[in-house]
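The block underneath contains the structure these notes are about, expressed in structure tokens.
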Amino acid sequence: MKENQFIKQFLKNKMGVVGFSMLVIFILIALFGPMIVQYDPQVFGERADVLNPPSAAHWLGTDDLGRDVFKALIVGSRVSLIVGVAATFISMFIGTSVGIFSGYLGGKTDNVLMRITDVFLVLPWLPLMLVLAALLGSNIWNIIFVIGITGWAGTARIVRAQTLTEKERQYIERSKSFGASNLFIIWHHIFPNVFPLVFANTILVTATSILSETTLSFLGMGDVSKPSWGTTLHFAFESGALSNKAYWYFMPPGVCVLLLVLAFTLMGFALDEIVNPKLRQR
Amino acid sequence: FGAAQDETILKIGVKQEPDSLNPFVSWEMASFEIFMLTYDSLVKFDRNYEVVPSLATSWELSDDQLTWTFHLRDDVKWHDGEPFTSADVKYTYEAFQESEMGMYYTSLGGITAIETPDDYTVVISTDSPKANMLQNVTPILPAHIWQDQPLDSIADFEDTAMVGTGPFKFVSWDMNQQVVLDRNPDYFGQPANVDHLIYVIYANNDTMVQAIQNGEIDVALELDYVDIKSALSNENITDYAYEENGFTELAFNQSEWSGNFNQLIQNKMIRQAISYAIDKQKIVDLVYDGSSMIGSTYIPPSQGEWHYAVEGDKLRGYDPEKAISLLESEGFTSVDADGYRSNDSGDKLSFLLLSRSDNTSEVKVGQMVQSYLKAVGIELNIETVDDGVLYDRTMGEKDYDMFIWGWGGDIDPTVLLNVLTTDNIDNLNDIFYSNPEYDAIVEAQTHEMDRAKRVEMVHEAQALLYEELPYDILYYAENHQLVRNDLITGLTPTVSGAVFFANTIVNYADASFITEAAESSANSSAPAENTADSTPAESESESDGGGSSGLVIAIVVIVVIGGGFFIWQRNKSKKANENQKNEW
Amino acid sequence: MNRKYIVKKLFYACITLMGVLLINFFLFRIMPGDPVSMLVRNPNANIETVEKMKAAYGLDKSLAAQFITYVSSMFVGDFGTSFHYNMPVMKVIGDRVFATILLVGTAEIIAIIFGTFLGIVAAHKRGTKLDVGALSFSLVTYAMPSFWLGILMIAFFSGFLGILPTSGMTSPSLYFAVGMQRASDIAVHLVLPVLTLALVLLGEYMLVMRSSLIEVLTEDYILTARAKGFDEKTILKKHALPNAMIPMATLVAMSLGFVIAGALQVETVFSWPGLGRLMYDALQNRDYPLLQGIFFITSMCTIGANLISDLLYGYLDPRVKE
Amino acid sequence: MDALIELKNVTVKFPVKPSFIDVLKGKPQRVVHAVNGVDLTVMPGEIIALVGESGSGKTTLGKAINALHPSEVVGGTICFEGEPIFGTDGKLKPGYREKVAMIFQDPYQSLNPKQTIEKIVAEPLMIQQKNLSRDKMRASVVTALEQAGLTPGESFLNRYPHELSGGQRQRVVIAGALIVKPKLIIADEPVSMLDVSIRSEILKLLMELRERQQIAYLFITHDIALAWAIADKIAVMYLGTILEYGSAENVIQSPQNPYTQALIEIMPKMKMRRSEKRALLTGEIPDPIDLPKGCVFQSRCPRAADGCMHEKPKLTLVGEAHYSVCECRLEEMRVNE
Amino acid sequence: MALLEVDSLKIAFELTGGKRLKAVNGISFSLDEGETLALVGESGSGKTTAALSLMRLLPKNAVIDGGEIRYKQRDVLTAPEGMIQKLRWKEIAMIFQGAMNALNPVLTIEKQMVEAILLHETVSNEAAYARAEMLMRRVEIDPKRLKQYPHQFSGGMRQRVMIAMALACEPKIVIGDEPTTALDVMVQAQIFELLESLKKEMGLSMILITHDLSILGDICDKVAVMYAGEIVESGSVEAIYEDARHPYTQKLLAAYPIIGKKRGLPDFIPGQPLDMTKPVQGCAFYSRCHKAMPICLSRPPLRTVEGAHQFLCHLEGEA
């Protein structure tokens, strides 16, 4: 499918457009928000500022250290996005490579790679993530690594399946008849053709990665020096926001996560419909 | 079922679960509390932490202060009906000493021999005067049950019945759910008023507070002020606030090892500068909503006279100016673009702080410390790690400059003082602090039988630590216990301010439910066999008020949705049946 | 379905299991934080105590020796003794299994029924308001962090309305209750966690069911069925669903394996005394044997579920040969 | 004239992937006998049609010549211009791939939808002459496109396959084959996926190329009428064996083998055929894993005799440049006009 | 009266983006009892679309733009859904293009065959099974294989299964949509043999869709040649084979190499099929016709040669 045709299709898909617009808004917030709002997580309020409900001064009230919740969300969007995207990059890289090589080379390589994939697929991912995060210590790069390294197995499976059908195509045979090497074929034929699928999957995996970061942070494995929505939720839940009925503290970060993940999910869903013509809206 | 509607259950919400019910293995406060209720010690503490008789009715100390004679009660029966004798005491003390296991073992230090002239007399000899002999609350175990167990595998012994002499009998422990105890009607002391006692284990403060507000539990323990704020407006709930017998400290690496950490932290003046730079009051204000006491010396104020109160200008208050001038006088005059200081030889004031990820308050404290230090030109990097990693990094790799953690104490100050002795390096002494002067004072006070003199010595030790500053004591946390005053009566706080988990069990004996009516509304129970059975049997009886409305809702939701599904299906098939008459 | 297929899948499952065992063992050995350290942060502990405990738990031996002990004892069903609970791991786990099965089982059943149903409705009424509604609902639940959903549930049903209990599996006051009273007590406690977990699962099931069915409905054999004169409902039921259920069934079987571990969030929020929370606690307590046990059990469940899904696949889809 | 390519007793045996249980039981490896001792010679500029039913091994043989199968499965010798294409070390002789190109059946499938026509056509050069400059490469692409009848070549460079019609796509495929200036093109059913109305266009192009560049073709098809229309020689294949081989006239007009006869007989003739009964073959096609001992066609042969069951018949000369494994010569075919 | 009559039927597809594709552009034909009609034409000429409309099986985005379909004198296009469900399979059955995908992969052949019988006829299960076995025997497949799944059959066998299935309810008309493309000549011959004998036996009417003119003589009575959604020429097979008038038909016939005839390259039609989303001016074949004249830009008249032999061209046409 050609690029502009793809874009046209995407633009026709309402869900995709809604998701994309939401994402653009979040990206803008993440890019420029921190420059506009002045927020230093190290500046604490006074005792009277703790857990204040929303007001003109604090649009979403204050948190347990008297800081502005709204500003914290703006600043936190960066971490959530960066972690989500970077972790996805790692897992897509591993997943796609394993999937393509496994599917294309077949035989023993396939068997070995797939058995490894199986192991990663059956290890309980959330606990595994927690264990690894505990193992490595919770700074943001470790979190990214942990989410990336635990999340590739599903992608590998999908990419492998697609590679298997892709490698039966006649243009692969044609390429071979000219004496093309495996790497040539993988790079010129297999990868470009599994790419749409990988891309659609990337979007969905990003959604999962963001959720993973939130969950890790919520469970106290996050990087507190780089506040994200997940750490905000963590502190909200841990400092009695629920029993103090400080809705302004624990609702908005959750809504932010929900919207951002939803943006990716919507887009992924739309892409899926485009990549998979059978699902296409008639 | 002979459902006795009038049986009362005291339901106490806790966050901590016993680690084990084997006294040779266990370390947790929760276990300690349960041991106090199911077993008895020779002596125990009353509300004012005065020593009162328990299994021992009286005792004498020989003139050389080396031999103790305890006279035991002769009317005590174990929960299984066997009589209690001096042999049990001898067995218990010797078993702890020989196995060298468990939290009670160290409090038996110095005992050289135990003799039992008769069934109700115990004679204990020590090698030197033992100042904390009467602070020893080691639970006496039934020799007839434990003695066949080889000592080297005593950790594996499961006394599933937990036979003791105490006011409560152990019933069951469902992990992460509850521990259940029953009243011992034959208790030799004052038996409890309540028939059953359940510790309900909560994973989260918020849900526990919610639960006591909803009346699911009668008492909620181990809460921070921020957790309970919402409950304070509830007039049915009484808040018992108390200073924890312990402190939270900012610890500094004092290791002689010269590896991967900033040696500058071993400079006393820099440590003092750090201490001056931190606004402890604001930390307490924000993290505990002002409801904890800011820290100063090593033994917490809750230990009464043992606490040493620093006076006059020796007391280091919040004084960033002073901090800066201290740093400058140490040569840290150049300030870089970020505002961080270094000296002429290029040593930067940049430190690494470890804080425990699962303790939100400490994490917040760390963040605040970070910002205060920044204000005076000290860079602080924070890593949150879990307890295990913290332990490894402090005791093993030593690659840290500071950490935040806390200690909890005993009624006797020795235990806390011991932490920073040279002997305890590689063990409890997590910062490798070594000071012969301090060691000597701590050692001496353990043999000082004159209380006033001993207090003097303990103060001296604390003054030393305050000056040397291996630990900067940040605050003595305040803790809260909530009680449903509309349901429970008879509770009086101990001198510490706490009602339960307070080194004494008096309140368990005094607690009673206000009226049968009030109680039965929250409780309709049937006696179970010895262990509770979680598989529902077929029997009918009405469920309680709050619960049934929830159940009704659940059922209604399911019925409505299911009904909708059914109707949808029906409609479909009806439509499909039309138009079927004609033939082509 | 042929025997070869089953044997092969079983063999692969065994290999996976071995991989899990290996990772399981070494992962926990390289974890920082001596497990004993958790036990000795107590003023009364001393160095001998620590050594004694290490010896008691076999931690003083070499890694290789520990691994051999580990694998061999695993074969006789001995997962060691929990550091923290000082009880056989199997027993600790056994005590929790019921709670998790109750929670996960109920949630799965609800999610499967309603997820499939919603998916069918949406696919069938594709493009209508009904479809858009069901789709939005599913996408939103799919995008929601489950712990947060749990918090909202507590805030609303327990905090605001006050009609459902906040947490736990039983009311303390009904501890001694038996029979119906106990059952209804558990049922009441079950509502919120089940609802949370079911909502989270439901979204994915609905989405998969929907797209799978939409895809199937474009297949030529559906046209054949229509040409045979069947009405839409029969076509849906007899021709489309059996095909659309194939990916659905495998998804459900696979997620069954994950959900036990995934219940961790829900169990933590609701203090539900199940395996998920046990795992979280074990992690905090650095209870290696217990963690290993749980990892092993959950991996086994997933492997088992995968196996079931493979077999189910072979059963539902006669095309699967090799 | 020297033979361009010469096959001697070429066999292709695919190992059957053993089932897991079989491996455990230690059962011997089984093989699919896809090609079974084929002798064939192609002269420069010659068109040889390989006809036969589905599964008879036509494609497999074509790929064997193009060295597309792993060398383990191919037996016998394949000589190109008198020399074996595999050296003693089992490696393909360098330069061979530039002499032999292959065109596949489905023009929709043989082009990567993600690549521009330029890239597709240039691919052989990218693989075989790695250090060619971009400009030179582009020039060769344009030339090849124009040779394949896509003029002006430049206008196609940046297009994508989906923007072309089926016939144009097949021309692109041919251009891709031409760019290396091959001496032999193996064309595997190159027109069967195209609409009848445009098939001949492509065939015509192939013929012209032969005239101009002396390219020989191994033309694989199952349409014997098409073979008749364009081929110099026809080889009839059945179950991996060549049953009859000779000039198109001989094979079609005086078929010697019962199988060839049946094939010709059954072809639709664009005539009313109300009264005639079709001469259908009955009987099962043998499994290529367990080939029968004697003649491979015995199970369906209307004239199978006892001898056919036991001895494998050899291709023998039955007329001028006309070989057959069988001499059950029928009366002259009715198709002779 | 004719069994089935189609009168100026027009069908368009609504494409995403608002375009309309006129797939069928006013076609008319009729079919008598026992007659076989061939619909021929190249890919995309609207054959399948026309056939599907006869059973009202068009996809949702198809719109009938006009015309009428009458089966046994009753209007098919306006009949209620219940009636159509009875028309399907019982009256008109269809052998779909690519039996590979037209059979449900997860149901046994038996189930798929029996369900149709049970739907349309009130017979016992046993009777239905017996009928299925009989049909299998009829298409020369071992009835034991009824218990198998579609993937266990070869392509030719699946096609035969599909034929057996189409006959299950003894319909009056069977539509075969390219029943032999992608099959070997040998298998193709088998299938024609089978269809022919079945037709004779059961008095079936058939509509055979194909793009292969060469096979018509084997089985058909009448031919309608389609180009770009129109029938450009129709008549008996003999008439088409021997007296084709439309340039398209002529060219098409010449495109087949015939064994025994002179060797050499067959003819071809230059150019490409029409883009049917654009409106057609005049003759649809204009751009590819070797005899195109200026007048061809206006709508060509329908000329009748003799009897049912008609064609659509400005030229008088010569053989």
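Should a chain be cited, it is by its letter among A, B, C, D and E, assigned in written order, with residues numbered from 1 in that chain.
The definition used in the following text is that contacts are C-beta pairs under 8 Å (C-beta built on N, C-alpha and C of every residue); 3 or more make two chains touch, one makes a residue touch a chain.
Chain labels with UniProt names: E = ABC transporter ATP-binding protein.
Predicted, not measured: the structure shown is a model, and the values here were computed from it.
K.L.:
Any chance you could name the chains that touch chain B and chain C both?
P.N.:
Shared contacts of chain B and chain C: A, E.
K.L.:
State the pair of chains with the top count of C-beta pairs in contact.
P.N.:
Per chain pair, the contact count peaks at B-C.
K.L.:
What is the chain whose Cα centroid lies farthest from the Cα centroid of chain E?
P.N.:
Relative to chain E, the chain whose C-alpha centre sits farthest away is B.
K.L.:
Roughly how many whole angstrom separate the Cα centroids of chain A and chain C?
P.N.:
22
K.L.:
Please work out the Cα centroid separation of chain B and chain E, and write it as a whole number of Å.
P.N.:
86
K.L.:
Centroid of chain A to centroid of chain D, CA atoms only: how many Å?
P.N.:
About 50 Å separates the centre of chain A from that of chain D.
K.L.:
Centre to centre, by mean C-alpha position, how many angstrom separate chain A and chain B?
P.N.:
One centre to the other, that is 40 Å.
K.L.:
What parts of chain C, by residue number, touch at least two of the other chains?
P.N.:
In chain C, the residues touching two or more other chains are 31-33, 154, 159, 231, 268.
K.L.:
Multi-chain contacts in chain D: which residues touch at least two other chains?
P.N.:
none
K.L.:
Give the residues of chain B that touch two or more other chains, as numbers and ranges in rising order.
P.N.:
Where chain B meets two or more other chains at a single residue, that happens at 204, 210, 358, 386, 388-389.
K.L.:
Taking the touch rule as given, give the residues of chain A at its contact with chain D in the complex, in rising order.
P.N.:
That would be residues 1-2, 169-171, 173-181, 184, 188-189, 192-193, 195 of chain A.
K.L.:
For chain A, which residues are in contact with chain B within the complex?
P.N.:
Checking each residue of chain A against chain B gives 41-47, 50, 64-66, 134, 137-139, 220-221, 223-225, 234-235, 237-245.
K.L.:
In the complex, go through chain E and note every residue touching chain B.
P.N.:
Per the touch definition, chain E meets chain B at residues 71-72, 74, 80-83, 86-87, 90-91.
K.L.:
For the complex, give me every residue of chain E touching chain C.
P.N.:
Residues 55, 57, 81, 84-90, 93-94, 96, 98, 101-107, 115-116, 119-120, 149, 151-152.
K.L.:
Can you check the complex and tell me which residues of chain A touch chain C?
P.N.:
For this pair, the touching residues of chain A are 15, 115-116, 118-119, 121-128, 130-131, 134-135, 207, 211, 214-215, 218-219, 233, 237, 242-243, 245, 247, 250-251, 254, 257-259, 261-262, 265-266, 269, 272, 276, 278-279, 281.
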